[in-house]
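Here is the structure we will look at.
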Amino acid sequence: MRLGVITSGGDAPGMNAAIRAVVRCAIPSGLEVVGIERGYSGLISNQISPLDLRSVGKILHLGGTFLRSARCPEFKTIEGVQRGADVLRENQIDGLIVIGGDGSFKGAVKLGKHIDIPIIGIPATIDNDVAGTDTTIGFDTAVNTALNAIDKIRDTALSHERVFVVEVMGRDRGFLALEVGLTAGAGIILVPEIECSLKKIIEIIKGYEEKGKATTIIVAAEGIGNTSSVVKYIEKHTSFDVRLSKLGYIQRGGSPTARSRLLANLFGAKAVEIFLEGAKNKMIGLQDNNLVAVDLDYACNTWKPLNTNLYELAEKLAV
Amino acid sequence: MRLGVITSGGDAPGMNAAIRAVVRCAIPSGLEVVGIERGYSGLISNQISPLDLRSVGKILHLGGTFLRSARCPEFKTIEGVQRGADVLRENQIDGLIVIGGDGSFKGAVKLGKHIDIPIIGIPATIDNDVAGTDTTIGFDTAVNTALNAIDKIRDTALSHERVFVVEVMGRDRGFLALEVGLTAGAGIILVPEIECSLKKIIEIIKGYEEKGKATTIIVAAEGIGNTSSVVKYIEKHTSFDVRLSKLGYIQRGGSPTARSRLLANLFGAKAVEIFLEGAKNKMIGLQDNNLVAVDLDYACNTWKPLNTNLYELAEKLAV
Amino acid sequence: MRLGVITSGGDAPGMNAAIRAVVRCAIPSGLEVVGIERGYSGLISNQISPLDLRSVGKILHLGGTFLRSARCPEFKTIEGVQRGADVLRENQIDGLIVIGGDGSFKGAVKLGKHIDIPIIGIPATIDNDVAGTDTTIGFDTAVNTALNAIDKIRDTALSHERVFVVEVMGRDRGFLALEVGLTAGAGIILVPEIECSLKKIIEIIKGYEEKGKATTIIVAAEGIGNTSSVVKYIEKHTSFDVRLSKLGYIQRGGSPTARSRLLANLFGAKAVEIFLEGAKNKMIGLQDNNLVAVDLDYACNTWKPLNTNLYELAEKLAV
Amino acid sequence: MRLGVITSGGDAPGMNAAIRAVVRCAIPSGLEVVGIERGYSGLISNQISPLDLRSVGKILHLGGTFLRSARCPEFKTIEGVQRGADVLRENQIDGLIVIGGDGSFKGAVKLGKHIDIPIIGIPATIDNDVAGTDTTIGFDTAVNTALNAIDKIRDTALSHERVFVVEVMGRDRGFLALEVGLTAGAGIILVPEIECSLKKIIEIIKGYEEKGKATTIIVAAEGIGNTSSVVKYIEKHTSFDVRLSKLGYIQRGGSPTARSRLLANLFGAKAVEIFLEGAKNKMIGLQDNNLVAVDLDYACNTWKPLNTNLYELAEKLAV
């Protein structure tokens, strides 16, 4: 039996750890493992090579993915997907582990319609926007990276008594912004899922000012759209200097935290386990601290709710 | 109603965040809050002062505890405990939040026998050795600190092709060693809960050597006892240079990670919530990702099992 | 004798360490020290309070400035400067230590024309654009912060085989970009002082591509202007995906590195020393590893050359 | 012309950057470069392989040395040194770059007596105990690593109002302890070069106590000998709890700081430059910020003085 492993979509810290876990759990169980390079793009162009126990040494602690990832417009066509299925057949691959986010899983679901082999998803994205799992590989690392960045920005914010809008990643969702905002002690958190009018922002800042708090850090999800206009609005309606800091790509890289590595280990091991048990088209997830397998289809086609309790707690704690 | 808050025992990153959460949830609910300084020692000597919303500003991201902590031999006597209860009465304190580990909770249970006010525990220790909760405030920070330290030590281990024994904290338990060992990719993990003979250690190292792996990192809990003798034994029975590194007190401090801060926020808020609901002598915990309240007595008098699945996974992944 | 100390302009890591050094060297020499808050703005509005040995405790390792800083448009008028001089007289201040960059020193020079007390400058800016000194307090910290950020970005750049343009601070100068670019192993460094045409950038990237290097990190000083247009040009003229990351305000904060703290200690001590010796209107500097005092006027009105040898070395090492 | 490059002795962060600089400056100048693995041990056993421009890619930011290092007792015998010289001849090596500390340079000097090829030393050691250069590759990284560790330990020291003795590396010298102690704001610094009696330590601690300072951090060089006995003495003669933390091997590894990388680049480039100019048996150094070449013999046989001004400054600033 030959198992393929692929990383796809945006990289996330812990992807390497997940590949390592897959390889080191699969081989002792009698499986062969091959690595598909550069995501679906590399699948289509047959960039496949064998992985052994040693080839995943010294990568556990590295960010990114040594299998690399790439965009693949061809994979959005039926021909592209068919070509991917053909390559899997040519390489006699009996199962596929897809490490990535919901876009990658949508690709996997389409692929599964052209080839009858089990496909197992492992959720790895800093956005944590995958249904069926409480958290994803890389999310904890990105939260901590953003947090450390804000700990630096706070020095300047306090020294200059300014308002800072810090834009964090998360695509169209607010998971990252919410957890970063709560743990950074942000005065205001802006996420796409929860309405907060510009007028309300001004009220909150002025409320802080009256209580003697001259510095406010606003953590904003990139998904809320134009953060520059938020900055301008605050400058216009308060007496504060306001600065914008987009944390950007630092949130995607870096050595994975213990939690991202732990998840990667657990998810990788579980993926191999359920593959050996005959599971098909599932995604590994963590639900209330238990490892589960949910339908891949469900995982990538369901809207995952934001924990609004955390948002309310953040509002309560920021005074 | 006046609520007292105290930090006791060894400090843990996130204690400040927990104090902040208690204060900022209690005051808007109409409670007064007072801080008791220097643990039970400060309680006995009446080191108590009021806390307001601002007095817990700018501490969320700081390690240690601004209320400080201290050893208190007097509190091991009945007289000491009675004195503590008297001071609580003199200060008209109607409830007490104890932030600490199992030793602190044992003290709290004794105190509860001399004064009839609700006492709520918040588990905060880097050792994670408190029953009734899957994890404790500070544990995630200590794991990451140890992990980053080992990422540095690995550079020297690889450059010199040595065996390193890295001793981590955890008192008589192996929670920290296990999670650090698994996520650091340790070749061997030594914890008090699981027997691993010196002979087996040698076998494993020689097995690695045969497979061409010249460097082995052994993560050992301080609870296994004499790590120096492990070093000497390996030096005697293999051809490797072996070095010992005791990570020591760096594991106790530092800015709390996002996860330690998040737990502190959740635990602090929940502690105030159940106090207002009339709970008595409970400890807040996280069980399968749900906030729970368990008996304080149970929490500090029950042996918490180690997750042996993680140990087996670590063995599988280290090759 | 009463010595005033003020931080002005953009904050830089190590300013607190410099204030501490000034206070702790001045007081044992028999001087009184007062802190002027919020830069020249606080001077004009008489925000002045005494500093003792203890009031600068526990700040050595903190970024920002606990005296705070602020913009001060009034100080650009003669009336504003006169008002500042008057406040100094009213407070019987016999000497002033100004911690900041060239803008702050220009203000100090103007101030010196309205009051006959010695003014000593201590260069503290992450931009390192002050003449008369090889380096400034905060520069080493900012270089390392940018470097660590790029070490994270590299993970994504390598995983996706992309070109990244990383914009670093430095206002209109390239000191930060040059040192960051060289030590990060950037493929191209763009600084205002050295011409590098868009055409040449394309040639270099294509040269790398031919040698099999799929990832290029370009470190660009903000002073080169529109980095977005560089990104677009490269995307148009090569086959690479290109991403822009503006590191922004994280470069201004954070705990100062050892070198920034050391400079702060040395500069602070030297400033007090030359004040006691009767120096007037000087700036402390480091030239070829020796502490020197240069004319304040010279320091803020001289163009400091970039070390082009480092640029050439970076070109040589990037292949 | 064929140039050999070797790393020897204890690893230091930046060694990889130095190898890269040597290779990338040598090859464009028409030299061939070979890497000698595992220090003098690998030289004697002919572990030599060619290095090209690509083989030193992606290592600039990594601690340790990819050429590895090893102890070599044989090289302490004349036969061993002769064997080394023979291997160099057999491999037609026309010059040797030795990256390491004084022990490595002593070996190099002996080697130079058995083969008439130019040998150039590049000082790389976290101990900074090499004469002829103000600083060494890796020193700045180790200082910052120790500093960050102490920033964590301070949390616990302040929370528990304890005295901490923090032992740092440096072999028999105090360079590391002095720079760490000064920049960490240590209350006392203990180095082998400067006498500080146990009695004086007690006086200082009691002096602090009288001024209301309950926490003292003592930075001690490992070279002062038994730090445990210092701890015991303080516990016996004061009322403080005292704890010992030996920072150990974390100081040897980790990603090099900007300054360590910069030095590595400059030293590597200069080494190739003077080799091409015909220099023999020199060591590259930095003196008052200028790159110099000193006699290798001088570098490893001269006692380098400690900067006692820094010690006095540290005493002044600690109050």
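Going in written order, the chains are labelled A, B, C and D, and every chain counts its residues from 1.
Please note the rule applied: a residue touches a chain if its C-beta (ideal position, glycine included) is under 8 Å from a C-beta of that chain, and two chains touch if they have at least 3 such contacts.
Given the structure is predicted, the values throughout are model-derived calculations rather than measurements.
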item: Chain centre separation in whole Å, for chain D relative to chain A (CA means); value: 40
item: Geometric centre distance via CA averages, chain B-chain A, whole Å; value: 29
item: Averaged-CA centre spacing for the pair chain D and chain B, given as whole angstrom; value: 35
item: For chain C, residues that touch 2 or more chains besides their own; value: 151, 154, 158
item: Chain contact graph, described as a line, ring, star, complete graph or other shape; value: ring
item: Chains touching one another, given as label pairs in label order; value: A-B, A-C, B-D, C-D
item: Residue ranges of chain B in contact with chain A within the complex; value: 20-21, 24-25, 28, 53-54, 57-58, 60-61, 134, 140, 143-144, 147-148, 151, 154, 158, 179-180, 182-185, 211-213, 255, 257-259, 261-262, 265-266, 269, 288-290, 313, 316-317, 319
item: Residue ranges of chain D touching chain B (in the complex, touch as defined); value: 7, 10-11, 13, 15, 38, 62-65, 68-71, 145, 149, 151-156, 158-161, 164, 241, 243-250, 252-254
